[in-house]
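By letter and in written order, the chains are A, B, C, D, E, F, G and H; residue numbering begins at 1 in each of them.
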């Protein structure tokens, strides 16, 4: 069973990123389970979302360690410390999150801002996660999912920036 | 433990008769427990009320047989057949109630009507029960209780008619 | 022997009703049945009566020979709403008490009226909680003594018909039980000329046991008194405040024929889903 | 540095508030605090705020520095009633949403108003259920699309202030959030000139996230639009029906100073028990 | 002051409440509890208290919550349908640690059922009627004297532990009349006000209930039914805050079970036949035990929290256990926790206002 | 028709309900169940059904009762606070034998608690939340596929037994997303209409649910929440009528326990270590059992009625029993009915939306 | 000319007296207690003008007024 | 003459822009993202007439307008 997830705060679109990832994996024929934890999201608070996927039915989606975890905000990291501690490949925004042991620091928000896709920061994160997961056909599947949603242009651009960022970092 | 009770239908004042009896026994210093069973009484339906009393605390007021039972209406008799079957001294209105085995038939309502106390039929019944119980000082106690309530004149007159009826019948 | 016009709408086997002798609820029944008769309604197969808990809620259940739902205290209107929405072909009539519909059920009354839900609601304003032995209701006169207002009712009564008239309800009227003919005609109107949307009839009918007899009056005496006490809205408006206090304003507060909730709901759906 | 006049009435440690950026709830807070300030109220020790569940219910809890009871959805008014009756010396203010006070809590609102209960109730009419993500409220405009009215709202909005004005309430006003000065003055009135009985303020303040932004507007743009849309009752009454639809009638609907519930209750008891 | 009175149970409860210091009542009429309301309406103003008739039971329960926070000992009374409507409010009182007494005069259900007929069908609801994990106290009187005595105890527990207490009566007790001695209460518990810097919603030892501020005295208290920390600040995200709060609320009651849980043994304490019962049903049970001998009656006063250890102990060498209830079997679930189901004999009866008679219990004892 | 979808549990429930024939929904928004309402608002009109947003949960539950009597399969969804408000209405549905499905998407309580955080704290309330003696059915899905499949089953049970069914989900299931296969239902149960002279509220064999008239078809049906005889006539006095009615209502459910009660065994069926669980918590439990081996998982699908005999049987040679729950301990009361309390290990956790992890269950298994 | 007769259904009448008090012609009066129901029943005792007031206001559907030529 | 200065509390400001849009003098404008809060904050950029609109309508108690002589 494989997995990837995102940590951040309300307003960053964590749940949407998770849903797009889940939707893409679903299109690829995987068994997928997606979970998220948020409050009244328009109003801040830590948000956590992840998917697990497999070729077989998923016994248990409640897991303590993720294969890939992208952290976009300190609040998220703090609240889900135990997940962060146990997860394997961790990428975090070095400006918004305190250093994470064994994690890979990246300038995610800054890059997003630079490329004018700050509003789609979550898609940048998704691109990073996607690239690291390296599932066959995932980019096309994500594209398909995004096409069915609002702001396709912005989102796909951001996604591609994420792919590239992760590529550059050669994780 | 001694006991006495009344069976009738809504509107006959069964609960009031029971309460007066209970109140009188209370004034005499007994331990008294009173129970009644009725519906929305202004609108008919069987009504049952009784008191148990003793010089000691009452362990259990839920009893199946009464020492004295006055039955004023067939509906009451029918619904509480098992109580009627087991009770000891039973007086019933021979015009309003079907014959009761071992019971003593009396013209209670008719006599009440005759004496102009039909509205206080329940007090006639109380008088009967009282006389049969033969508790020392009960008449004075009943008088006292009735004085504190509305329609004293009518009620006490009816009560006395009851006493007399029971006396005449020499039960 | 000639038969009372109401009997065919009643379940004879449960008569006489369980109401106290003289209870005015029975007069409303007459008016209702006469309205049915005059509208040529032969039986009540396509009618559903819904009531809550209280003396007035016993009118349909079990006495009226029709489908009836005797629901929880205060909840007749939501149940009726469910019935009507699930089968808009049925005529759904709610009958209940002032406590049931305006106290515990007040919110449902307000919102069904706001929605202009396709129901006819008849509320018996008997000024008290009859079934539970005469406690104060939201309609109890200021200062009146009841078991829960032993020092006099500190609250002011609710003018239910006026409040409902202030919503989107289509038809609102108040009649006194002593106004048999206009009451009957109003019921007819609410079932024929105004047959959609929310229709509300307040029937002023003091509880014979806990109001009338407590005043030392017989039901007949009180009825005659009511014939004077209840006046048409216009007359009432022309009275002095003190006079008003002593009278009850009756009549039709509102009579419109806007589409009810169901029509509007269906219209929006048809528009959106492209059905016509 | 100069300090905002509101800060002394706030719990600084929990600021900024949890409201969305631009949420008009914060403007009401300013008006409220300015009213306190102008009335010379130094702190809120003798004030108790009671709220239900919803965004607007978060205004007092935890932000206002006073005793506050953040109660169940819809139940602020009964809790406030209990507080006030148990200690009539306290100033009890209810703040809540249109869903909270007029939908699930509608019955309590109606009956507290009928009783002329000694409370000040401020209802934020933001046209939706903000906290649960923008579903229709009883105040949602006819035809509006929300998550629970995907084909357009088939119901008509409730004119809450008018309905409450039709009860025994002492003071009823509606203001738009864009009418800062009259809103503030009205709050002052409801706390000073009219300090007893039931006082109700409806504050028209569309939800920035689920109404304003859905319309594609910024909170500032909408505020300026509201300054035109909200007119005084008199002006509104003079408008054509179509014009009325496009405007909101604001102003004081009612201003009386009758004894509230508590005075009346005490008077009756004193009379009966012979105390003076 | 000692007064020997002839009262109905509903009246006894009122005098008990007044003697316990109850000064606020809000309620809505319902058979068979209405007489409590009627007498409260009359008596409260005489002692400076306040009575209000609410528009419904939702309002009633929430009004007494407000009054309790404003500093008055507060109570309501109702019966099944009203009790069902009060559940959400009771849960709020548990969460906010609001002392209350809620009298439920049980009648035959479900739904409207038989409004004037006695029953004991709300036992499980009294414990579990609300959503979420919540723990309160349930007490049931057996005699009318106890309706008086134990309602005082109910107020004491409510105040001592800052918890709503459900006082579970039934129609027999509510409408029955019996001799009741009214006397000066031994000891009334008054709620503790916080001293400086004492948090109103937390304490180091979860078994120690936090002190309760009174509104209007400058505590700036934050009362909320949302998850909150010890100062009342909402935390709708954190695991720790929530878990700490709810376990404390449970521990506050269950951790004091030795003080709260009460029961009494009647009949032959060494007998191996045992009757387990609560409320008015205990009286025919005790009578039955007396009549046939060789029987112990285990009469539960506190129904929640229930000390299963004590129950197990008392039943440890029982050869037969009889559980009579005016319902279809609820207390029996407790007995079955500690005693083999197949050795329990039940006597269930409900409807028509007919009590369980000693003869029926004897039959079960001897079956 | 077979469709493989990626749905949230709330969405899966809606499609399950629609495929079961649900055509009426009334509800009031509440986190975390609101999406059920949103999707119903959209989908019902497309299949000729009716949706209405009620003014509160009291209205919602009573609206679906009315709609059910008018002939439509009806449903509502809510969460804890709303579920508490619905209790009286649910009791009425039990008493009047009204088929309904009530979805409770559980969140952390008590009171407002943590509205977006998962929990399993309403189990006991689902069973006992109402006054009087009343029995209904409670079912809990474990996966999102089951949210779809079992809600169909819930409708089937509701219709077959004329009973409200509580569908107990939790936030993890409601808001989680998973692959769900939507397919033609095997078998839909449709309520039976009475033939001539068949009473709508009685049957000789109490285990056979009476047929249900539809309003407006000339049955002249009398529906009442008061005690009534088999034709619906009120009898608020008689013992026999009441006792017969309530025991029949109980027997209608408990007497069919062999058909209604369902559970599944996972892991090693012969193992002597057993985990007993329900709902989403079963998934980490099954995972734990798989990881450590030698463990049986007893997963309850039906939570009420509960076949204690079967439970006892399954636990008869268990050496250790672990009961993990997202609450402070509710299912454990059932296990303790048939298994010694002191040999049960509990894993209780609630708050913050943190699930029980397999590691925690393993710890308990190995403790 | 039409003559009116008033019929009382003794099974339904609860003896409330409304009909007697409401009749503009005082055409009705009580007639002793009905042993079956325990209620007093009215009977016609004077000329009836067929106004139907008694029928409308009898709460128990116990009165029928019939006109005969 | 009085001169008015507008102070923005950057801890409280959520960058909603109301003040900027409401100011009759266009005296305010945005000033980049505040890294602490992630919100853009306004700053004074023109003449202020002290009308207090911005202060009243700022929902976050983030504005103070001070008049100086």
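In this section, a contact is a pair of C-beta atoms (placed from the backbone, for glycine too) under 8 Å apart; a residue touches a chain by one contact, two chains touch by 3 or more.
Remember, it's a predicted structure, so these values are computed and weren't measured experimentally.
Enquirer: Chains touching chain C and chain D alike, please list them.
Expert: Intersection of chain C and chain D contact lists gives E, F.
Enquirer: If you tally contacts for every chain pair, which pair is highest?
Expert: Among the chain pairs, E-F has the highest number of C-beta contacts.
Enquirer: How big is the gap, in whole Å, between where the Cα atoms of chain C centre and where those of chain H centre?
Expert: Their C-alpha centroids are separated by 58 Å.
Enquirer: Rounded to a whole Å, what is the gap between the Cα centroids of chain F and chain G?
Expert: Measuring from centre to centre gives 58 Å for this pair.
Enquirer: List the centre-to-centre spacing of chain D and chain H in whole Å, with centres computed as mean CA coordinates.
Expert: 27
Enquirer: Which positions in chain H touch two or more other chains at once?
Expert: Chain H, residues with two or more chain partners: not present.
Enquirer: Give the residues of chain D that touch two or more other chains, as numbers and ranges in rising order.
Expert: In chain D, the residues touching two or more other chains are 19-20, 70, 72, 74, 103-104, 106-107, 110-111, 138, 150-151, 265, 269, 273.
Enquirer: Could you list the positions in chain A whose residues touch two or more of the other chains?
Expert: Within chain A, residues 39-40 contact more than one other chain.
Enquirer: Which part of chain E faces chain A closely enough to touch in the complex?
Expert: Touch list, chain E to chain A: 236-238.
Enquirer: Could you list, by residue number, the parts of chain C that touch chain D in their complex?
Expert: It is residues 103-104, 106-107, 110-111, 114-116, 138, 143, 150-152, 154-156, 158-159, 162-163, 166-168, 261, 264-265, 267-269, 271-273 of chain C that touch chain D.
Enquirer: Of all residues in chain F, which touch chain E in the complex?
Expert: Residue positions touching the partner: 58, 79-81, 83-85, 87-88, 91-92, 94-96, 104, 106, 108-117, 119, 121-122, 124-125, 127-134, 224-227, 236-243, 246-247, 249-250, 308, 327-328, 330, 333, 336-338, 341, 349-354.
Enquirer: Give the list of chain E residues in touch with chain C in this complex.
Expert: Residues in contact with chain C: 28-31, 34, 37-38, 41-42, 45, 53, 55-57, 81, 111-112.
Enquirer: Sort out for me which residues of chain D touch chain H in the complex.
Expert: My answer: residues 1-4, 6-7, 10, 15-17, 19-27, 29-31, 34, 180, 208, 218-221, 223-224.
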